[in-house]
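For reference, the structures are reproduced in the following blocks.
Both of the next two complexes hold subunit A, though its partner changes from subunit B to subunit C.
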Partner chain A sequence: MENIKIKQVMSAVFDIPVESISDDASSDNIENWDSLRHLNLILALEEEFNIVIPEDEVGNLLNYKLICLIIEQQL
Partner chain B sequence: MKKYNEINIGDKETLSHTITKTDIEKFVQLTGDDNRLHVDEKFASTTQFKKPVVHGMLGASFISTIIGTKLPGDGALWFSQSLEFLLPVRVGDTLTVSAEVLKKNDKEQFIELKTEIHNQNRQIVTKGIAKVKLIEMEVAPAEVEQKEVGPKTALVIGGTGGIGKATCIQLAKDGFNVIIHYNKNKTLAEEIKTEVEKYKQKAIIVSADILNDADIKEMISKGIRAFDKIDVVANCAATVIPNIKFQDLVWTDFLQQIELNIKSTFIIIQTVVPEMIKNGYGKIINIGSLSAEKPNADWSHYITAKSALIGLTKSLAFELAPKGIRINMVTPSLVNTELTADIPEKIKLLTAAQTPLRRLALAADVAGVISFLASNKSDFLAGENIRVNGGQVML
Partner chain C sequence: MESLKYTEILQLNKALVGTIKSKPYEIGILSNVTVNSFKEILEYSCRINKIEPKVEVGNFDNIVQDSSVFKNKDLIIIFYDVLNIVDQVSEFFEDLEVEKYNNLKNKLFTEIDIILENLINTASVIFNSFSSAYYNNNNVQVSKIETFVNELNAYVEQKKTSNISIVNIDKLFANIGFKQSIDYRFYHSSKAPYTFAFLKNYVAAIETVFLRNTGKLKKALIFDCDNTLWKGVIGEDGMEGIDMSQTSKSGKFYHLVQRIAVFLSKRGVIVGLCSKNNEQDVLDVLRNHQDMILKEEHIVIKKVNWVDKASNLRAIASELNIGIDSLVFVDDSNFEINLIKEQVPEILTIQVPTSISDYPDLILKNIYTYFNLVLNSDDAKKTEMYKQQFERENSKIAFSSIEDYLASLEIELTVVKNDKAHMPRISQLTQKTNQFNLTTYRYTESQIDHFMSDKMYEVYAMFVKDKFGDNGLTGVCIAKEDEKNPKNVILDSLLMSCRIIGRNIEFVYVSHIIKDLANKGYQTLTADFIPTKKNAQVEDFYDKVGLNLIENIDGTKHYSLNITNFEPKKVDYIKINTELV
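Then we have the complex of A and B:
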């Protein structure tokens, strides 16, 4: 369930269809994934899941799989 | 091209050529020597020769042909020639050019040739002495070694581990016979042997505790009995690396890593090297760790041992290279194997995401480089460390 929500958040932040976000999604294949949108993604994820992503994890949200794993740890 | 020591006094080569009017025209065109004695029949008729005379150097140029193509052939350096033109040559004459080895100068590696040109009437028209140096061809040792008969034999230490197994199979694919070392897992060793044999290579399995001198000696002795020689040793033995905080480390934690990485490697090399020296050729490949260059916490015991292995590899490479033994290293980053199965998924994902090639190393990636270092394609490498890390560390 969380995984679908994560893709929806990513879709909104990166302004791309949710169907285009694969399990291998990363800044390598999402053109809009720049540093500014990365910060927006963190804020959006925190808001969606009502969590605070620790500072030392901010740089680790490098792809969809890592985002899932880190969100899961924070829930 | 003949080699100097393949040439004997008395060796002789000949060639024949019939001089045509076209030959003369071409010679004139090339050299600009249009002396009327050679090209103008009317003029020649007014001389004692009555008919045009072929340029002396045209006939003599066939001496160059015989030296350059037959005796000694390609690469000959013709540095001296005396000539006497004894009789005129006419268009239509068939010349037989001969060169015969008169002397050999071992010190300077040149030969003296008696060069003679006869006409169809067996008269000598030109004679002289040629001196020719034989140029040594620069043949890469690898090319020489490629001519060796029969496959090479590789001993894979830790042959049943992730990297070890992939190495056994890669080496078999690349034409090596394989001695598969295992510690306890005989069933897996047998399976790998069967896999190796699918590639039409021979394999044996040998059990040994590589922390035990006698076991190592017995293992190497069995390998040599089976294949007559060991050309390559790939040290792929590895063990689980426990994460231990520095304050919790005890000396035996270090010792355990040092014994596996240094003591066993030292004894294996010391035991196999006399055999390799006897053959004048050998390859030893050690496996390093990226952590020695890009350290992480809680692994100081392991990193210390792997760093020592870099020193051992380089110092032995320096000492043994003159004897034909090439010792090199392969340093992988985190490899996806059974040994790393317990590493948290997050670490693996992060490592892959931070690697320029965006994945973890595979055992096959490492095996490919090991096989390259085992092959004669890498014969000019010694003390080298090839990093297999997808671009994580670039030096």
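Then we have the complex of A and C:
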């Protein structure tokens, strides 16, 4: 359930279809994943799941799998 | 909008792209901090208000230079944040030496001067107040940063021109809570201090500015009666059973809402009733209930009957001669609110909240966003004028011909030119008039000021009165000399308040202006009709005046006329007082 929501948030923030986001999605293969959108992604995920992502994790969350992992921890 | 998540706003905004067919409203954002998520939130707010935005974000921390690049936008929003000003200082701010403090302050003053100078002719500018809330202030003594911020705010306040609106950021912080507004994690890493919560509330706070500039403000506030103006149902509970007493536990909130309604009726808002009741029951309450402070004299129109409310509200708009989207409707019933949302979605609805103590605030919040309460003497008179309009409508019947009726009105027009005393009302009319408006160009007070001082322009204002009362300033015309041909004059704007339409005033008025332009030495005149959703009634106005249609491109019509021997149209029953030279 969370995983679908994560992809929906990524889809909205990066302005790309949700189907195009694979489990291997990362800042390397999503063109719109730049540093400013990364910031919006983190804030949008925090808002969506009502969590706070620790400051030193923010910079690491540059692929879908890591994001799933950290959100699972925080929930 | 404040209740939507950012992801939802992105999705909803994307779905609205391309659905609004109008000239884009150009917005420039200047900032010394990162505000990149602001764009979509702002766009969404524009689009739900049927404004097509074109938003451009300036370069990071480049406000002074970008203020010159962006000056022709319709709206400029400036985030000049203290956070990134204080970061330029290498010392601890409270420990700053006097000389350095003064240098920094003077640098800021100079920058503010340049920015305001660059934007002096920009239609509308939003500037945020500087805030010291970021710093852990000493609560019992004034800190240096507080003094600094106060000096900056006082300077802007003193220098600002009438096109500048200042957002009180401290009030916003207080409403949202500072910790919910600012996220230092992203300020330190990316210079992006604002949370989504802050940006959403900020957009809600400035909405009124761009609604005003695009003519989207509301004009009438229509109340249901039972459980909306009083607690209880008059038809069932009777005079004794209903409650709007200032001293009762829940009655006092209805009392307060009535007080607000009375206040609004004096500030140019049309207050009306639309209720399913026996009319006599409601009249009894209005006339005889001791706790009723909203009286018949405050109410311009009422539909108290058993007809469905969608039809009643449509009738109200048509009788008042205002657009259906100029109405706001307040009702307690879920059923009625949903009916209106379903049947007449153009009407803004407010449902009386279940938690009744929130009711007055909810009304006020909507009022401050959707209505213009600028008090000028014309606005104060407006309630009176709408009532006179009804008296006129009623006396129409007694005359056999419309000409006889018009002749009986003793209409008098007064036309003045470039009179700066009327700038606020002229600007307001350009912003609010939708129906009798040939080009629908919106102008701010400072633009009007600029036109009046510029020899290339003539700004005409028309006053109308008749035996029923004084309609005040109800017509505006802006003429501009053709830059390419000094013998040609262009009618840039021609508009009239819809209250005075249907009495042939428009023909006397425009022909009088044309004559004045001919007297000034212009030989030809050109004018455009630009169609909008609301101005269909004037699409052939220039044809009727006698201008020659040159071309029609997708509904935009270009006209011209040789005016050297122009004879102004005279109508026997309209007296014209002219102060033109």
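Keep this in mind: the second predicted complex is superposed on the first by the 75 of 75 C-alpha atoms of A that agree within 3 Å, B and C clash if a C-alpha of one lies under 4 Å from a C-alpha of the other, contacts with A are read in each partner's own complex, and residues count from 1 in each chain.
Quick note on the criterion: contacts are C-beta pairs under 8 Å (C-beta built on N, C-alpha and C of every residue); 3 or more make two chains touch, one makes a residue touch a chain.
If you're wondering where the values come from, they're calculated on a predicted model, not measured in any experiment.
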item: Fit-or-clash call for subunit B and subunit C when the two complexes are aligned on subunit A; value: fit
item: Vertex subunit A, arms to subunit B and subunit C (CA centres, degrees, nearest 10); value: 140
item: Which of subunit B and subunit C A:Val58 touches, first, second, both or neither; value: second
item: Contact breadth on subunit A, by residue count: subunit C or subunit B; value: C
item: Which superposed partner A:Glu19 touches (first subunit B, second subunit C, both, neither); value: neither
item: First, second, both or neither for A:Leu43, with subunit B first and subunit C second; value: second
item: Partner chain in contact with A:Asp28 - subunit B first, subunit C second, else both or neither; value: first
item: Subunit B versus subunit C as contact partner of A:Gln8, first or second or both or neither; value: second
item: Smallest separation of CA atoms, subunit C relative to subunit B, angstrom; value: 19
item: Subunit A partner contacts - residues on subunit C that touch it in the complex; value: 5-7, 10-11, 14, 34, 36-37, 183, 185-186, 189-190, 192, 195-196
item: Touching residues on subunit A, where the partner in the complex is subunit B; value: 26, 28, 60, 62-63, 65-66, 69-70, 73
item: Complex contacts: residues of subunit B adjacent to subunit A; value: 345-346, 349-350, 353-354, 358
item: Interfacial residue positions of subunit A with respect to subunit C in the complex; value: 8-9, 12-13, 15, 35-36, 39-40, 42-44, 47-48, 55, 58-59
